[in-house]
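Shown below is the structure under consideration.
Chain IDs A, B and C follow the sequence of writing; residue 1 opens each chain.
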Amino acid sequence: MGSKPIEGERKVFMTGNEAVAWAALAAGADIMYGYPITPQNEIMQYWTRLGPKYDKKFLQTEDELSAGFTTIGGVLTGKRAFTATAGPGNVLMQEPMSMAEAMRIPTVVVIQQRGGPSTGTVIYSQQEVTLTCFGGNGEGLRVVYSTSSHQDLFDYTIKAFNTAWKYRFPTFVLSDGYQAKMRESVVIYDPEARGIQMVPTEPYVGKAGTPGKDRPAAHLRNTYNIEEELLEVLSKDIEEYERVAPEIIEYDAYNTENTDLLVIAHGVVFRSAAMAVKELASQGNKIGYFRPITLRPFPKEQLRQATQQAKQLLVVESAYGQLLKIVKDNLYGLNIPIKTLLRPGVGITPEEIAEKAKALLAGKEA
Amino acid sequence: METKEILPKMPKSWNPASKPHKFCPGCGHGLVLKALGQVIDELNIQDRVVFGCDIGCSLLSWDFFNVDTVQTHHGRTTPVMVGIKRANPDLITIAYMGDGGGYAIGSQHLVNAANRNDIITAILVNNTVYAMTGGQMAPTTMPGQKTETTPYGRDIKEAGYPMLGPEMVAAIAHEGAYVARGSIAKFRQLKTFIKKAIENQMAGRGFSFIEALSTCPTNWRTNAEKTWDFVENIMPKYFPIGEYKVPGGKEE
Amino acid sequence: MPRVIEAYIGEYASGKSENAVNRALELASRGRHVNLVDLDLVEPCYTLRPLKRQLEEKGITVLAWETGEMIGLGEIGNLLRPEVRFCLHRPGDVILDVGYGVFGAQVFNLIEGADRNPDLKVYVVINIARPLTATVPDVVAHVRELGRADGLINNSHLGDETNIEFIQEGARIVDEAARILGIPVVATSVMEDLAPLIGDKDCFGHPVRVLKRFMPRAFW
């Protein structure tokens, strides 16, 4: 077996979960920790099938708390470590990710959203946006990539390791059960062959030398004695997060100049939105779309610019206003009507979006 | 300097900058950490140890040693140490926790790390109370013992029985595991147990678990004499001291 | 008239269900009585269930749970439907859609009489766009790991981006693997839009089966 899982690049046909496992391999991830939950299981199943061939490790933990905290442990040794979860597992995952946020530990977590609240359903949803962006008892100092295709899943899983290790904020790849299970073609590649340099890692603990003699001991803390002490650390982290945000932010936009209607969607719903918008635009309508790829940090200025050229907005998501809340927050102060198509936990077709958009364009719907 | 001679001898692996330590007068943590410090020195492993401390009074040990140390969350020290060990088996990982962290909120991690025979060492300090939060009932509070949440004494019909940790871990642990209960009242024996536990990890044999009976005069509201009597005479009646599992099966 | 008893087995997302469904429909269109059996025990919520009614309307007996009958879309365990266990005792043809998983052909231990049924054929569906079955040695190793195989089906494709060259490359790899394994290539499967471009035989002379796409509708 070759030392590299992928030589050069090749086009393959696979599910989204497999694309994640291959991407983690391609990115040089060393170890995965995980607990079974639908719909992310095949990430673990493919990692464990492929891993031994490339000297990669895996630990199946007792729950998602443990999966998150063992992932933190793996990262502390300077390894690219990751985990994957969904739904109720994502709820438990917020405790360890809060620690990663506090201690600037570059964990990578893949979320395959499922329907909620509670156990809900297992295939499809966009209801973990708030949880993934702002979960934990903190300020949401994390990076969240929302994917909408297998190519995204492959590309952004690799990128997640680099973003995490470059900026030292916990990084999430936010997908959903539909993308996880759907089959489509994807080009998998060795990042190096594409000129993508993997950001080097370094251990937080177990560096060379005897602590106290050759080097200071690493005393890594997340607890503070006085409020000002916490504020000082947090202010520095927030300042840094705000400063690097423009480098991290990604979005996609189409036809945003002087639109009668700007459709805003992310993730798998964006696929439907893009189809509907392009169809209506081809019929001569002044309609465009805006897709945030990073939900945290959010492409605020770019959305505000697009919004200032639009007559009204349509936010579409498979949740009851989680993206909507972020959009409103980022558009504060702009006077623009915001219409919605909110379908928590179920899919949205291009036809449904087109129908809603047509009604809005015709002024038939207030 | 003259005063040097009367200073207690500190283990080399201790961090002098954080001394005197902040544990209460009469607290047992200092003795457990002294035993651990001496063991680290004797085994010459200061450069390989990663020490993880739980939330609770055990957190006060976070800068206690000149070894790499990670504060974790309440109950989550075991998985962090497991994660480190799995990713870098050359390191010697020591999870340090109280009875609440190990037997209540983090019990699933203790049980599963023991059952997987993870090559880590867990040291759990049993002082029968939640001390840092102000003396509430712990999983190890003795029958009849008064705490802030058992104001009339622990009624085992209502609040259940104290957790017998080493007995439980030994019952589920596998060949290669080392399990013992020591006491700060028997310092040399406790240190031997801790040393065997870390040597067991270094030999790669299996999970190592030490419960240390300890004192909390602050929350027990006891004077020196009563404190010592409780840890030396009363606690072992419910929590017998000794080795519960050794590789090869020859418990002391 | 001999019974047709075929099991479609193979790597995850290799096209087992698509081939099984199309085979069942083809047999039914010739007036045969067909039982289509869902034996996916690893990922049970994404198989034939959503198609059940549609297939039943075409006269096929579908032995599968309906999505709505399963708690949490299969979240609560992989329940084997009792009549699946006895499917070989039913009159008519039997087409088994077997899920993927590490147990391979051991799944037939769950079917009464499978071990001594002389008519049962186990066909392995191969798509060379699947990374773990992309080369001749990989296909041979994969098929041997399954434990039983009576024939191979070349189902090589890249979804919407499939072309004839890719299918023929699949035929070449599958043909060579079949020779090494000492089993026949049963067919090359081709989506209906590309079928006119390839004719009724692939470049190795293996018969072409034309597929209609059903499985995308099996989501949600």
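Keep this in mind: a residue touches a chain if its C-beta (ideal position, glycine included) is under 8 Å from a C-beta of that chain, and two chains touch if they have at least 3 such contacts.
What you see is a predicted model, and the numbers here were worked out from it, not measured in a lab.
Shown here, the protein chains touch in a chain-like sequence that does not close on itself. By number of C-beta pairs in contact, the leading pair of chains is A-B. Separating the CA-averaged centres of chain B and chain C is a span of 57 Å. Each chain gets one centre point, the mean of its Cα atoms, and the points for chain A and chain B are 39 Å apart.
Chain A and chain C, compared by their mean Cα positions, are separated by 35 Å.
Those residues of chain A lying in contact with chain C across their complex are 10-15, 18, 22, 38, 41-42, 49, 119, 121-124, 178, 181-185, 188, 346-347. If you check the complex, the residues on chain B that touch chain A are 13, 15, 46-48, 50, 55, 59, 62-63, 65-73, 76, 79-88, 90-91, 108-109, 111-112. Considering their complex, residues 30-31, 33, 57, 59, 61-63, 65-66, 69-74, 76-79, 81, 95-96, 99, 203-207, 209-214, 217-223 of chain A touch chain B. Those residues of chain C that touch chain A in the shared complex are 12-13, 43, 45-46, 72-75, 127, 129-132, 134, 157-161, 219-220.
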